[in-house]
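Letters A, B, C and D name the chains as they come in the text, with residue numbers starting at 1 for each one.
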């Protein structure tokens, strides 16, 4: 079994985004999703600091310190984009206007509870940013994360052991081993990497998995 | 005793407006106040349909159906004016940013309660418009009204007999007989028309009046 | 390609059903999506609730919609404005339920719906007849009342310019209720005077970003 | 003649006193009123509460203000951003009280303060550690928590252009918290890059009408 690379995970999520969706990408791995939107599929990226229609990184010489994304990285605006204030950006999030939030996660529970803001692991102060607003407000939340923690313990848990970001918000999880849906009937495996079977995946996943009737093998390009 | 005309009442209120105030004028007699702002005193007029810096009526040929005031009358914008949406207009009102609201009134109580939205007198449906927002939200509320009802009964009452617009909001009343302040010590007469004395004014006013130490006679130009 | 334009008023209003709450923008005639409202009056639905600042004037627009008999309830701040012949008759004959809401509270309730707010406390209306039956709370020594969000199944709005993403620019005081209603409609339909190419609207001056807008119909 | 310009940072900050709540705008360096914040760090006041999205980076701006020892409490959504050397040290030494607020709730609480809202219910944070001790309510089957307004004694903001009435225009994503903080400050002070003649700003594109702005100080 060869787990997916981080870029392949982002590619998987990008592939499933529907044209016309307004999307907010979390800092870190989720940001990579924007690199893999299939050509010709129009998607509008939202940034909580007041941008709709965020584009890619600026060309050298075109950097503008007033045009940054939620991670303080330099960005651009595409034709059709708009600027507005922070409160309006969060009306879009909290009011359910953002179609999809893709966030990293420490843990996701079988019921879709999300824990992604603090590990309580050190003496540094935690920060929540817009994570709780996105988790509670976006129309749908996808988690993008390694299937297991560094010590091998499962990150898809019966219940989260870490402090919650929001309850029951995650509907889909993209990991380096599988794509899973949170359903009323349990955690359903939609896709699985080549060379891994349900039993193998179950071993590294706490809640009972079910196989979606239309499950398939992940076929991702090398990257 | 010669009571003030409606224009003279508006003149009295206009005279007392401080430069730099943001002001909302109610429909009807209060609108006339804008005609009498002393020359050179810069005042900014607010309209609850989304205008700051409202000017006077447009010149013939310059009417614009998209530039109307809260009474649906054609208006203009002065340099420095701005357009915004209805909710923002009411953030200004409800958030205490509008310095002064001048409204007509049916009754004002000794405590500054205002009744100006319905008389319950006929079978027509009442309408409140922005009156309750202005009464509860503006930094100060001045009432502009005839001192007595048509049947001669007082409109400045111990307690209002008509349904309230808001409690304790009015701080000053301009009538055709006097200018009065609502104070913790009672209703104080600041100004009084020529030929009327405190006893005379008291006869047509329900709450006990007190004379302000710096009271004076109203000297208004003929109009 | 994202293209929110629809070709007809029927398509613009597809999905309106009995009992829906319809937010109708406009303050007087400024910013009123007249053609959309007139088209709604032609659709065979009933028991609508209309949210509009007024009860209409004359016999078209909101007045025409009321006259069509499709409206069970009107939520507004000031029902009688201009020439309220239709409203007055329906009200007198008790054929129309009426909820009077202070103008700012009406706007704020729609904003709450659009912003995911479950309800809020306001001083406006506290201690008045319009607060009867409402939860009250003393906050910082001042009486407040609790107000609930006011979402619409449809929001019918009017803008001057749009691009195919639904970014909107208004004209002067015709902006009024349009931006807030745009956020509060489950389906937001904008009647627009002009469609312009994507990228031609000033990104700093777009008053309603397209995220709030579902359908555009051109009505010059 | 209305003229909100003041000639110095000292005049811009006149009246700041011990215990004041200071709203400091900016997201990263964009839209941060750096010169105003630096000037505040020079004023002899103490026990300030600072509301800012972050705890500052490096040693200037909000970081410099924290380092000055004038701040008792920081309210923010994400304290550690960029290079949080000052914040980290103060936090480790327990010399700074910290209140973490979700970014949207922080913004909405300031809007509530500016809009005269006594408090509101939101789903954000419900059922989490950040909701501990907060009033809860089930609304339409979803758990909400009650949040209070967050007003500032002073709001320090930054804009690109202003006229003497205090009408403001921002630049791109430097708009961020500026408009909402402008509404929430008892005294709102704008550091501006450029002052333009009254009447030259597009009335349709003014992002913060001057009614919210008390003082302007030019810092090119």
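Operating definition for what follows: a residue touches a chain if its C-beta (ideal position, glycine included) is under 8 Å from a C-beta of that chain, and two chains touch if they have at least 3 such contacts.
No experiment lies behind these values; they were computed from the predicted model shown.
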From chain B, the most remote chain by mean C-alpha position: A
Rounded Å distance, chain C centre to chain D centre (Cα mean): 32
Computed distance of Cα centres, chain B from chain A, in Å: 56
Distance from chain D to chain A - Cα centre to Cα centre, in angstrom: 30
Where chain B touches two or more other chains, by residue: 77, 83-84, 90, 93-94, 136-137
Contacts with 2+ other chains: residues of chain D: 108, 111, 115-117, 122-124, 170-172, 204, 207
Topology of the chain contact graph, where touching chains are joined (line, ring, star, complete, other): other
Chains touching one another, given as label pairs in label order: A-C, A-D, B-C, B-D, C-D
Chain B-facing residues of chain C, complex: 27-31, 55, 76-82, 87-88, 91-92, 98, 100-105, 107-108, 110-111, 122-130, 143, 170-180, 207
Interface residues, chain C side, partner chain A - complex: 1-2, 111, 113-117, 163-165, 167, 183, 198-199, 201, 203-204, 206, 209-212
For the chain C and chain D complex, residues of the former touching the latter: 108, 112, 115-124, 137, 139-140, 142, 144, 169-172, 202-205, 207
Parts of chain B lying in touch with chain C, wherever the complex brings them together: 47-51, 64-68, 72, 77, 83-87, 90, 93-94, 123-133, 136-137, 163-167
Residues of chain A touching chain C in the complex: 19-20, 22, 40, 42, 44, 46, 52-53, 77, 79-84, 88, 90-92, 94-98, 136-137
